[in-house]
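The same chain A turns up in both complexes below, where it pairs with chain B and then with chain C.
Here is the complex of A and B:
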């Protein structure tokens, strides 16, 4: 039996790690609903397993998504993860070939160069020596970058790096030591036994020239093993728990388990899968515009994991979704935050007698302006003008003031109260017999589309107006205005509607593109999702966004959300317009028939 | 040779300070961007709280400028300035170059653009107007009517539009709008005794001499109604009247009310000229975006640049009375400076410095 006492820290650490990780995984899997459990079982024996494996390879080892956002950071993560993985795989192959045994002690391949000095029995031994040295060099570049990043994160184009907890510190510092110690141990061994390749061999020769290698190399193997042991034991208590958890998460997702609005087992796994890479911190406008580095998901999820969520952190978020868009692990960050807000919400059923009685009109189309649109009346006026011009049979459902769609309550975790409003609105919508529900507010769009189960088409006005244009119900004049379009969070990232507003603008204006568009769009700062920010802070964010969007001096800053319009108007010297206003202004005046506006019609009746 | 002072801005502050500087023996040049002196005062018919005519004050100010033989340059725009030996060289459009030993900045305010407060419907609904537009009607002797020429049965005044409003980024009080609303509502009642007038306010700030008396008179003699509550939104009824939604915070109830005409009491913002001149002269702006004076109590006319001084509403909202007083104070501060007192550092040599 090949053995030396120095392998004990590594071996014991590894056993502890396995025990804790499997205990945690077991706990999670047990907590899944029976439906989810059967999905997981099915997925084990289906092609989903291969899909999951492919994704695990791309994301957990190559870190493809981090590469896309930040190539330097991607390389750092890849060199550590993929490099280490290959060291283990190639090391195992090498040992098996050498020993001729299928099963070796877990420490044997790890400390192979300590135990074996004569490699003449291994075919292509020089190749293996070269390959293992190359992989070690690969990992070492990652370690150097990681250490560099901690002290100089700007090199990575990141304004900040995450702050550490005690478990993280043990894990991080031991991780920093693992590969340099392996490098030194192998090099010093090579100085004595000439076992190294181009990297460890050369280093060994140099070190051996002035150090008593034969006397000290043994202690470096001890140090290497200790570093590994410390890392393994601290891993489950540190952010490095993300390594095993992400693998499991990818599998679970591929098995068809979907996130719900409640904080559940999947959420718990997501929380543990957060590597705290810090990409969310860099994408967050509360950081970039307000220098607030306390509330981002990297920290919020850490607080969730250790049951230390504070209300002021949970609520200080615009829910704009930029972090979620760029999260390399694909964690449903907004879901978790909203779910956690429920812990602080006082959800009571208020007296809803103030809700107006049901007054329903029959029509083909319902137009619902939404409460924010009532605060930007130019938008609703544009919409009624357009609908009148296109001779649409419609009912302006909230003309005399709206009943809220329910979103602000839901965002603050007050689901029961929201349900009252939803019930009230739904009854009216269905009674009208309309086939299409059009709203000017992207927030309402999401809520009516996703929470109401109306069974009719729910459209944002940008979609509906494009449809009217395509059906030739609206004739618009061409303009030579240069228009930059701002994607509202809820319409873009929230509902995936990027193209219709652009197509609508492009049909009769010049559309100017901007760096911060589509998925990379910024939040206007007006978000209802944040209940902590002051108006001053909102205005600072709005000002920053306006500066970015109007960098090419467009004639019009267009958006498709009343809240965005409001936020920008206070801070923009360029004219801010909703897409409906732009359309209404472009309506061809050469219509043969006189348009009788609804107002006139009603007055005459 | 007499020392020279250039005054930037021919409104109330610029005119009155020019007159006083001239009386003190300086050679004064007054720069005005338009072709008339008088600034905003030209647009106001009667002045609170005495209801005296605004043009009388203009006449008073003009007399000072004329008697002082102030060199007035109209349609002037400053292109750039240079610091020279103990003073400044100022280049204007038309390539005029002026030299001066001191500069007085009196670039004043602009009225808040009410269309930014879109929920009140200015620019969208015909029957929503600003206080300045109403004053214009008084000035021209026009009848006060709705957009379709009818006599309004009910008129609403909305206080604090663009003032004390975090949302629009203006947290300060504009000081003159409360009493202006009281003044204008009385004038409405004088013109249209049958019309009901409602003022929607947050607080009524009747701090000036005779303001409170005018406020009482508006209620007791004229029957103007005051509702404490901020408007949330205004929308248009079918007949073109305006439906306002407001919480009556004294009754503790939300309420809706239709008015035939809605008047928005627009507040002060730093004028475009203030922003522009401040950039050219490297002047510091305060948190409210008006110019920052070097001390709130003692150095109220002193800027961060040696030799440059402020007067009037470029440092914050002021009434006409206060602007005239401030202009005279600025003139005497400049005289102090030009006779060799180190006014910029005066506070630093006093006891205050020891406690800092």
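Here is the complex of A and C:
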């Protein structure tokens, strides 16, 4: 048996790590519903397993999504993860070939260069020595970049790095030490036994020229083993728990387990899979505009993980979804945030008995303006003008004031209250017999599409107007206005509608592109998701956004959300218009007498 | 007894030395903008719920200040949290958070936490 006492810290650390990690995983799998469990079992023997493995390779080892955010940051993560992984794999192959045994002690490949000095018996020994040195160099570049990043994160395009908890510090500093110590230990061993390659061998020769290598190399192996041991023991209590958890998370996702509105086992796994990389901190406008570095998902998920969620952290978020868009682990951050708000929400039942009896009109299309549109009346007037001109048979559902769609309540964790409003609105929509439901408010759009189960087409007005234009029901005048388009959070990242508004604008105006568009769009600051921000804070955000969007001096700042319009209007020197207003202004040859007849037509019908 | 068509109204006198300021204090602490309300009534004019019933945010804040806890509890359930009042408010009172904080205060009073 090949053994030396210095392998003990590593071996014990590894055993503790395995024990804790498997205990945690077992607990999670036990908590899954029976349906999810059977999904997981099925996935083990289907092609989903291969899909998952491919994704694990791309995301957990190569870190493709971080490369997309910043190549330097991506390289740092890849060199550490993929480099270490290859060191383990190649090291194991090397030792198997050498010893000829199927099973070695777990420490044997790790400390191979300590135990084996005679390389002549190893087949392809020169190749392996070269490869292992190359891999070590690869990992070392990552470690150097990681240490550099802690002190100068701007180099990686990051304005801030995550603040650490005590467990994180243990894990981080031991991680920093692991590979430099391995490098030194192997180099010093090489100085004594000449076992090194181009990297460790050369360093060993230099160190050996002025250090008593034979006396000290043993202590470096001890230090290396200790660093590994400390890292393994602190891993489950630190952010590095994300390493094993992300692998499991990717598999579970591919098995078809989907997130629910409640905080469940999948959410718990997602929370543990958060590496607190801090990409969300830079993307958050509460940080960039308001210098608030307390509420970002990296910190919020940490609080969730250690059961320390505070109400002011959970509710101080605009739910704009920018963090979610860039999260390299793909955690459903808004979902977890809203689910956690339920812990603080007071949710009544039977609140809205005062709502009047249904007055329903039969029509092909329902137009629902939404609360926010009632505060920006020019949008609803534009919409009625357009619908009348296009001779659409429609019912303006909330012409005399709207019953809320329920989304603001849901955003604040009041599901029961929202369900009551949803039931009320749904009854009316279904009774009208309409085939298409059009709304001007993206906040409403999401809830009508996802929660109401209407069975009819739910469209945002930008989609519907484009359809009208395509069907030649609207004739529009060309203009030479330069228009910059602001993607509302709920419409873009929320509902994935990026192209329709753009196509509509492009048909009769010049569309100017902007750095902050589509997935990278900023939030106007109006957000109904946040109940903590003050008026002044919202204004600061709106001003910052307007500044970015109007940097090219466009003629019009267009948007497709009444709340965005309201946020921007008084902060912008450029005219702010909703897409419906732009369309309404471009209608050629309106015939006034037909517009007036809309109400009469309804009454006659 | 002869019905004269009028009777003695229920006493609505509020003793400001004895009234229940728990909700008011709680909301002021957690949402300081509540203090800046000038009772102008813009919130009520734009309110979605007030369109259908006699819900009245201006009256609600008055009841909170007077300490009419029971009335507040019934009244506040009518709110849909849509946020129009917040956008209309000329003083920048974070009305949605005021509603949420009142809810929490009532729950805490019922649990004897405050």
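Assume the second predicted complex is superposed on the first by the 589 of 605 C-alpha atoms of A that agree within 3 Å, B and C clash if a C-alpha of one lies under 4 Å from a C-alpha of the other, contacts with A are read in each partner's own complex, and residues count from 1 in each chain.
Here is the rule we go by: contacts are C-beta pairs under 8 Å (C-beta built on N, C-alpha and C of every residue); 3 or more make two chains touch, one makes a residue touch a chain.
Just so you know, these numbers come straight off a predicted model, no measurement behind them.
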| item | value |
| --- | --- |
| Three-chain arrangement built on chain A, chain B and chain C clash or fit | clash |
| Partner chain in contact with A:569 - chain B first, chain C second, else both or neither | first |
| Which of chain B and chain C A:531 touches, first, second, both or neither | second |
| Contacts of A:375 with chain B and chain C, given as first, second, both or neither | both |
| Touched partner set for A:506, first chain B, second chain C, both or neither | neither |
| Chain B versus chain C, judged by how many residues of chain A each one touches | C |
| First, second, both or neither for A:401, with chain B first and chain C second | both |
| Partner chain in contact with A:362 - chain B first, chain C second, else both or neither | neither |
| Partner chain in contact with A:163 - chain B first, chain C second, else both or neither | neither |
| Partner chain in contact with A:416 - chain B first, chain C second, else both or neither | neither |
| Touched partner set for A:68, first chain B, second chain C, both or neither | neither |
| Clash-bearing segment of chain C relative to chain B, given 4-12, 40-48 or 94-102 | 40-48 |
| Overlapping contact positions on chain A, where the chain C interface meets the chain B interface | 374-375, 401, 534-536, 566 |
| Residues on chain B engaged by chain A in the complex (per definition of touch) | 116, 118-119, 121, 123-125, 166-169, 171, 233, 235-236, 238-239, 245 |
| Of chain A, residues touching chain C in the complex | 315, 344-346, 348, 351-352, 354-356, 371-372, 374-375, 400-404, 408-409, 412, 414, 417, 421, 526, 528, 531-536, 563, 566 |
| Chain A residues within the chain B interface of the complex | 374-378, 381, 401, 534-536, 539, 565-566, 569-571, 599, 602-603 |
| In the complex with chain A, residue positions of chain C that touch it | 33, 46, 48-49, 51-53, 55, 77-78, 80-84, 87-88, 92, 94, 96-97, 100, 103-104, 106-107 |
